[in-house]
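Okay, so chain A shows up in both of these, paired with chain B first and chain C after.
What follows is the complex of A and B.
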């Protein structure tokens, strides 16, 4: 807030503003204002009398921006896309012998196959098997045309991240759920939410925009990797920091 | 209520506080850092299954095995094949950049027909049927008019099924005008014909040599099979092999050698004979070889009583160290020391072919150098040079020829690709760029009414042609690749498709069959194969299952056996006469003129000698530098769009030239503005300029950069072989 002292020091334009402001305060408070600018008491009055509205506008700004930040921003940040085919993990898991690895397997050279390609699906789905309309669409639109399904991958990491499934699953003996949660139990695929800025899935940051999570699979940020590495006492690979070196993940 | 400035500010502060307490700024900061670290426009190789496809590189005649890493259907990296007989896992800069040729912007994507002026760059995409029928129509007309022999073709080495199909096509059509692009290997083959009486190419057993004497060969600058040579060089370092490099300029090879001897360019043959003089004088030569296996070593009196001098007399009378020093600039004492070292080394070998050996050399020079191998009995000996029979697996029945073909074929063959031709097919060659005296070549070739290019890329010759019938690149189709380049054991490899053809290209073999079929009659009958793949399979079947199983076949029996002293000459011996014949006697006091090769221009007007310098960082043959390779060209070779010339500080002072200043280089056939690089790494009065620059076609990464040194060099024909053997040009330098 500008004081009357300041007003005298500043240019005439400022003083005019000041006068107007004091007038406004007078109207609100309904008291007769003394115009001697030097009075200490006067200054006090100006502050107190203006306080209500100022606090109100402060709170209004605060509330609006909180609403924008917590509610509107997340809605704007992500676009929703449906998966090309609504895949039922639960149904498939019941049919296969080797749980997740039946379809999400390691190749002979140790690399991880990730999302299955037509080559795997075709073993069972050369023809329509059941009565699901999604399966029928899958067979007709993709299998028959020998076209790969453009699955949207919830867990795809940015390209600067090197992640080895072999090191974690085979080496550290981690289970799929630790990072991927109970997707194997799901009967349908949730919409894929794409970050409009980065182009990556919402599941990397986590559903909760605050970044607070209660389960390990709720987000896949670098901090999550680092936390687990610290807890598991993964051997320090950097001589300088005695911690994991950057290049363990950022090749 | 009135919203004044204070309220407004407090709203702002509230909003700022609220924003700070919301995830918005923090999340956006995180997202924008992710975004800026992974610009969405940066290409990222797709994720998927890794596979390797083994094939063979044919970007140069080296014949290296390659293993191409793929992710799904996309080739992402070219590596050298481990345990391959040529390169054993190694690869050169050009080989590793091959994917930029496959996926790059210079590909010709479908058959094209010229619609603008020649070289204007206006093209019409046409279908294969239309292109083939249009060309057939022209060929039929020429044939009907009795001009069958005016149809010619030029290819690279001429080895392999595709060039041979093209040759066969011309034969059946009625023309003998099939040309190849000769290299030092061809001169060696001619020299072997004369000296050994054998149809053979040289096979250097470098890995076992203990002394390598190189007359200007860029042994680690791309000579022979480049990766094999780099490996041989490592072996030399491990084994303590001495390498002596005779060259006017400090090339990489010279820099890595044990001794660099500077020599006036063009006098290498004289130095070889000077060394021979010392070897003979000191009786260090193999007496067994010259006594039992050589002809013409000593002079003889013929029946009419006339004495003809032999090799020994010629050398002893005229090639003393002092005379040779005067001619070559190499100190006499150096010659003596070098000769002694060479002759006493356990397994010495002498080799020639300047730079990468892409250009033929004077046959007399090759023979003089080869004579050194004979004198120390390094021929068909470990660590020496072997006569190697080039693979001969193409065993097709003769082409069928009707009367028109017979008449046409019987006509005299042109001396080369000349304006007498009415049609020219270009396959695996780029004469508009690689032939010396580029301007004259262009003038001549532009007279040819129909030029058909089979190039996969828009190179200089494709750009000047009337039709482009794009071949698959080497990563998209089957083909056989023959590597003989200095190898003891030639390797025939089978290239297989690494990826599907990316565009509407077709294998040149298939196009030749299609052209033959549409010409009908005996031409069509000469090509009984359904398609090229069938032709290739039948041809390779004769070599046994190895090539189709492993992808390559090593001709283990190609080299003569160690100690083989069987010569196919009339005398049954090694012919030193090949050197003494046709040698002009010495003018008073001088040394005889070994050959008649003279560069164009007079010494007074052009006091300097321009020599091309080859480097592994600049592809200078049919294939131009891919963008990766342009990046690794040094600043003292190419800066921006300017080529450099390298000159000695003494030369710079003489012509008042400063480092990095502009100068004009003039030769009898051309003129160019260049930048000057002053260095002690080159002899006085010699000017070096890198090859592989000055392209006018290809892509924006290569075109318009630097000067094509070939455009400054006049053609010089060797009367004995007919090859263009210009090794440089007389030149002058002036301040720009």
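What follows is the complex of A and C.
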């Protein structure tokens, strides 16, 4: 009770203060005042610049916070890392016989092998073949030491997510591009961007901070999965959401 | 459960546990914990704090020697369907949509990242099937390397429970897609406890499928909330109308009677499991 009383008291004191202040301003203006039309005009402009300043400060503040929120913060939010080796998909596609499957294949039990292990490279890279520094580094630092390359995975989902390549590639016959874009035809790997707060890859949320995308592969958030699933009429099995049940994509 | 979509008829996965066969060895509990990345507590003997998705209870008929009898009763999550699809006690109280009921599998899910630990579901669950993580999980040095990547570990402050090894369903689905199938076979999706039980007391399968063992064992009356037609089959707390998907078999009357909380009066009149007021 006392607190609310205090609050009202404070409130009325404040408004009293304000009233005084306003009077004071008018008095200051008033001292110079001989009520000629000229001074009337001056009074008007003084009031105008006061209001203008407030509006200006407001707009400036808004602009600054928009810049911070939409440009600086997203820049700070993500840290950039280079892949351990710059891999050239285009070059390799001409070398292998079985296209993507040579390196990205399904195991017999339906799980997906994902990014290749050294076993997929060793046949061709036992020794340095060409004169590319990347290849040299790859052979000396990884192949010779029999150490797996710690690839950074752009599409890596949080641990609680279950994703099935079999369902999409084998079941629905989708191509890799739908979800991964042009990586398969690229000549170099883009830097990997990691969210400093969550540790997730930027490719989950996408480049566009407002979440607007024009291609299906630009982001792969829960909503993006769910949107396509709704369009593709994957069972609406959830009692809670009337979409597909949580236990389709989660584990 | 009428909808028939891309994946054919809806499944209703359930379990039948034969209490006449259960020896109380606890293999199911161990298998469950290692399968589902359940961590250890400092004091595992404190049963209020320990986490056991599958828990074996010991019940007795309360009589003196030579009439004393006991029975072991393994208790996973019952994956209640409720009076209408998904009206499970826990799902209907969750304020965060962290627990969900799938009409496609009949499985009650728990999404740990969504859960904020209010524990309404634990209060609502009449089976004590849900557990709260008071601490972040800790494994003995080096053991985290042996965790299953198919089950996401839980963190402090969330509720967890048995999922009928749903990740095994996901893997079975993957295999089926590989072979160009949409339906999975009975033997492709079995829970860890089912496979671990040395006595063969646990059976798992689709209660909607007349060819599956679980269906043959209990003959659920799916038109009447899955009420078992086998007179030896019963469900825990049938009268609460939670419509669980875990059935128990026992040839002993007192065991079946222990499945519900009958009053002394009712027991005297012989109103026990199977003839309760349920559907």
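Operating definition for what follows: the second predicted complex is superposed on the first by the 198 of 251 C-alpha atoms of A that agree within 3 Å, B and C clash if a C-alpha of one lies under 4 Å from a C-alpha of the other, contacts with A are read in each partner's own complex, and residues count from 1 in each chain.
Please note the rule applied: contacts are C-beta pairs under 8 Å (C-beta built on N, C-alpha and C of every residue); 3 or more make two chains touch, one makes a residue touch a chain.
Quick caveat, the model's predicted, so the values are computed rather than measured.
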{"item": "Room on chain A for both chain B and chain C (clash or fit)", "value": "clash"}
{"item": "Partner chain in contact with A:57 - chain B first, chain C second, else both or neither", "value": "first"}
{"item": "Touched partner set for A:75, first chain B, second chain C, both or neither", "value": "neither"}
{"item": "Contacts of A:113 with chain B and chain C, given as first, second, both or neither", "value": "first"}
{"item": "Partner chain in contact with A:251 - chain B first, chain C second, else both or neither", "value": "second"}
{"item": "In the superposition, chain B vs chain C on chain A residues touched", "value": "B"}
{"item": "Which of chain B and chain C A:158 touches, first, second, both or neither", "value": "both"}
{"item": "Which superposed partner A:167 touches (first chain B, second chain C, both, neither)", "value": "second"}
{"item": "Partner chain(s) touched by A:242 [first = chain B, second = chain C, both, neither]", "value": "neither"}
{"item": "Interface residues of chain A shared between complexes with chain B and chain C", "value": "109, 111, 158-160"}
{"item": "Complex contact set, residues of chain C against chain A", "value": "3, 5-7, 10, 85-86, 91, 94, 97, 100-105, 107, 109, 111-114, 150-153, 163, 166-167, 170-171, 173-178, 180, 182"}
{"item": "Interfacial residue positions of chain A with respect to chain C in the complex", "value": "106, 108-111, 158-160, 162, 164, 166-167, 170-171, 233-241, 245-248, 250-251"}
{"item": "Interfacial residue positions of chain A with respect to chain B in the complex", "value": "1, 17, 20-21, 24, 50, 53-55, 57-66, 68-70, 73-74, 77, 107, 109, 111, 113-114, 117, 158-160, 195, 197-200, 205, 209-211"}
{"item": "Touch list for chain B against partner chain A, complex", "value": "1-8, 10-19, 21-24, 26-28, 30-32, 34-35, 37-38, 40, 44, 47-50"}
